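Both of the next two complexes hold chain A, though its partner changes from chain B to chain C.
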Partner chain A sequence: MDVVTVWSGLTYGNAFIPVEIQVTYGAGLPAFHMVGMVSESVEESKERVRYALKSVGKTLPQGRVMVAFLPSEVSKSGAHFDLAVLYAFLKGSSERFIVGEVGLDGTVRITPQSLKVIASAYLNGKRSFICPTLTSDILELMPEADFFMIDKVSQLMDGETSKPLPSPNKVAQAKYDLNEVKGSGIKRVALIAAAGWHHMLLLGNPGVGKTMVAERLVGIMPEMSQEEKLDLLSTTGSFPVQRPSRFTSWNSTPAGFFGSAKGSPGEATFSHRGILIMDEFPQYRKDILEGLRTVLDTGTIVASYGNQRLTWPADFLLVATSNPCPCGYLGHPKKVCKDAPSSVLRYLGRLSGPVADRIDLHYWVKSDETDRYVEGACDKVKAVWEKQYERWHKEGIDHAGKIPGEHVDDLICVSSSIKSMLNDSVEKSGLSRRERHKILRLSRTIADLDGEEDISVAHLAEALSYRQVLPWLKSLVP
Partner chain B sequence: MGKSRHFSEDAVASFLSSQHYVILDRNIVFPGGEVDIVAEKKQQLVFIEVKYRKYFDAAEAFDLRKFQRIWNCAYLYTRGERSFRVDLFACGPKETFWYKGVREDGCCDSMERVNLW
Partner chain C sequence: MDYVLNGKDPLFNDRLADLDPKRSLYLRGNRIGLERTVGIVGTRHASPYGLRIAYELGRYYACEGYVVISGLAYGVDEKGHEGALSVGGKTVGVLGHGLNHHYPKATLPIRKQIEQTSFVISWYEPDQGPRKPFFRERNWLIAALSDFIVVVEAPLKSGALITASFALEMGKDVKAVPGDIDRPSAAGSNLLILDGAEPIVSVPESEMQKYKSCKTLQDIIAVSGSLVEAGRLLAKWQSTGMLTMDGDIIKWRS
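Showing the complex of A and B:
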């Protein structure tokens, strides 16, 4: 009895596992077996394949059909194996990489899982695909690959490939305009955060426009590069029409936030290379806040479940917003905070500590700021991105906010006078080593944003001011 | 289906005769179950189940429970003194499959397409 072999694959975290599908059949009562830790969605492909074959006038081979998915110790899920199994019955063995879901009527469909698998197969060196019809902007991401795209199973027999679908209309990048926000200080902070990839914590009384800024931040960032898009496609399975900007809710669960053991990514991964907004930051569950620590440092999520180890990219720009106290009116010019001092301190305690320490920019949003129109915000950010990439790409760093702590002193050059000033203020206010690095990174971005090569006293002072909000708030508590 | 059942059993019986099988019994009933045809060829005893389905594959109607009933019946019939084989005729309106030597796990020795009508 011959064994027919076709290839497909699956993703687990950001790892790609090629799957060999072997099909054989023998004499016996009609039966269709699948082995290799297949989940229900794969098991159901039996019926889809059976009727899809019928739609082109073929039937399953008479007798006992056995389909094995190898490696067999990895659990398989998803409907994207349908087309590969069907191909084995229709055409026999193939070296090409086959992905797609089939319907009972013989139509071939694309699923998010299939897109994910195609993109990560491409990243792992696969170049020849048989798959459902893709849109032209997805094809642009994978220029070296050869795609045989089909809409219907019958096209496998004709050898007729479909034309790529037209790409959906692009959503305007700047859906929101930064200038809708009032206040020159907050606009400046948004520019710095976007320009240097600095995480941001916005504090303020209710209704001063914290969330409004957070939502508009994505509008001033440059468009995603092809590599970033492919990266995101291969881990989430959704094509990023624009840079992601995810608004998360404080009642998220850790699995929904960081990804689950079954291999589905969470919000942190969906906002990879984009913006993750955490509104009402201290309200989040403690395990999410604590879990953020390593993610903010490394830009990846590593999780071990049983004997499986998962890695997801999660290189997002965190924008956290919060009130200063439970009632929200601490530091308000007119209203009085009615909370007990102990509850305010507890609230602020959730903000400070290791997580807030890892957030570069702290800013107190005021409602009575003077306003100035910012022109060409996106171009300014882009210029800084290019400058910083030019400066550090040999070290594998593209933004000031992502320079690892051990390299900050080597990579950011400051004059000796500035350095002594910095050391003085660090000593005076008892800042940690990490905070010192944050100040250096921030002042580098501020200098770049002002178009200057050397960090001046003004830049350093501005950077220092972004670390003084929490101590100031604590001093307000009676 | 009553008409089809007798019709197909008769067709199978006459087909087997043409293949030099001797039909020993038809529709034997034992407490454990029932067998459609008992035939013999060259000292080999064969217990035959005939299934007819108009729209679906008749062989899919044959399961482990049915196999065990036939086996029990065959055992009682032979009193455990002779070896035997279980065959299945899966008849459809167009074509018929003959599964020879069906075993408990659903495998069989050989299968062939036969023309009953």
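Showing the complex of A and C:
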């Protein structure tokens, strides 16, 4: 008999691999085989397909049935191949892209894996799909595609497509309000970080509200764009209702943080284009802190496992929080730090390593700051985003915090008198070139936030003060 | 740069005028003036508190324009020098051995820094190694070079107390930093207070006074003369809550 061909696909990292499924059968002892490095979850689709066929009054062909997944070198897992295999038996060959899981009763279901595959197939040029019913906000992300959506296998026979599901009510997203945080200084720092995409390190004694600030940062950023949402959907398989803000703890493992060899993304990818909070930053495992280096530089995770090479997007805004010392009370207005000086210095040393070196903004959070209500924080941030995009999008840069060191001097203009003043004092105090770049990036964002085109000395001094917190802490150590 | 001087040299401002002119002093570093000097001395095994105060005092006196004199030993001496160096102040190390030796090893990096900006000084031929009685003579020199002595933390039997008694013999002031009453390493300095030494009860914020009249960030930059210095001060005062920024306007905590 002829070979029937249908198409599905799989993702590996952010790579999309189309999978051709060939089905044939012939004389022989009754058997149902699947070849092409199929894992347990794919192998099990035999039974789901057999009974789903039965639900519409069909049976598997008699004799020896063979299903091949090509390319056969790539291992395949996931239940989303069910619908494609079933389609081959029911309708024959098709050029359309088929994704979905089927139940024994003939229902067709969506899985996170299927969503991931659909989104990444769309990004790779596929435009015609047969799939389970999607919600309308997911469909909005892929306006150019033609979806034949079904709830039941029987719809394949009568050709009746389902209506999109209503989008889930936008949960009045426990939208954290920045003004719940008290302190005008810390609010300003949050605005600068969000406006210029500057990674941020919040230092402070226990209980002063470092984490509280970190959690509210996402609330003052503009809504995600459709492209950003699609990116996130295609790598994580979950639809981002709002910009992600992921809270991680220091006991994370590298696989959970960066993604695992099996192809499941980690926290860093889940917070793509959002905020990644690292609580108690110096306590993290060394391999995570070291691994963060390249991720912060490139915005992607590259990982080679065996002969496989994975890439994930991981362009997040890092918000790290930390105590100043092991006991936590260094710099406290009343309490006394009880640690040995050497252990404090070792602790602070972890904050000035190569990773912390990539964090632009340092701030000392205190509990007794004077407070001022911040009006329209979100609009201010949005205005700076637009201004900075306008200024640098030709160079492929959208935020001041992302300007690579070698381009800082070309892309950030400072009047020559101010520049010579900066160079003078930087040289005198022995600051590094990298430090100087950070100061320039920060002061660009501060000036934008103040609505000024020219960077003034006051902007530079403010930027510098965000770089002098660790030296101040070190001076407190005997 | 090495120098061989005697007590009549103008460098010493008559502090060593009574010295036998045949007796030589060996200097290495830069000939800097000794207009106002303070000796910071104390035990080698001080508490973290003592070390911190030694650092703060070194810093404070250097800011005020004093030359900080100390013995380049481990502990309080080291921190006193460090504090002065941290603000770019002048500080003199008095050695108990010849210039070509160094003891203890841990303070060698600080000695190098001192030689860059100020000088180290010694009674002894450059190749003379350290010996126990030399350190007593060294302490005499610290007392002689200083206008007054600050004892940060010292046990009952301590070189710092010897320095203090030399200073008293010369009619100079001795100040002492109060320490914990049950801490043996502070018993000597507490005893000095009992005997009438002036206790140091606070490290004045010398930096603050200069800036109190500043109304805006630009003022601070103007007074400090350096952007980095202004940033450092801003970070420190913001973190300690001494000031808050309201746009460009500075609000000082009263």
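The definition used in the following text is that the second predicted complex is superposed on the first by the 473 of 478 C-alpha atoms of A that agree within 3 Å, B and C clash if a C-alpha of one lies under 4 Å from a C-alpha of the other, contacts with A are read in each partner's own complex, and residues count from 1 in each chain.
Heads up, the rule we're going with is that a residue touches a chain if its C-beta (ideal position, glycine included) is under 8 Å from a C-beta of that chain, and two chains touch if they have at least 3 such contacts.
For clarity, every value in this text was computed on a predicted model and none was experimentally measured.
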Going by the contact rule set out at the top, does A:Gly63 touch chain B (first), chain C (second), both, or neither? first
Considering only touches as defined above, state whether A:Pro71 meets chain B (first), chain C (second), both or neither. neither
Per the contact definition in the header, classify A:Ala27: touching chain B only (first), chain C only (second), both, or neither. first
For A:Ser429, is the partner it touches chain B (first), chain C (second), both, or none of the two (neither)? second
Just to be sure I read the superposition right, which of the two partners does A:Gly349 touch: chain B = first, chain C = second, or both, or neither? neither
Spot which of chain B and chain C makes contact with more residues of chain A, would you? C
On the A-aligned overlay, A:Glu462 touches which partner chain: chain B = first, chain C = second, or both, or neither? second
In the complex, chain A touches chain C at residues 184-185, 188, 331, 333, 340-341, 364, 366, 368-370, 372, 421-422, 424-426, 428-429, 431, 450, 457-458, 460-469, 471-472, 475-478
Give every residue of chain A touching chain B within the complex, in rising order. 26-31, 62-64
Sites on chain C touched by chain A in the complex: 48-52, 55, 79, 86, 216-218, 220-221, 226-232, 234-236, 238-241, 244-248, 251
Chain A-touching residues of chain B, taken from the complex the two chains share: 57, 59-60, 62, 88, 97, 99, 102, 106-111
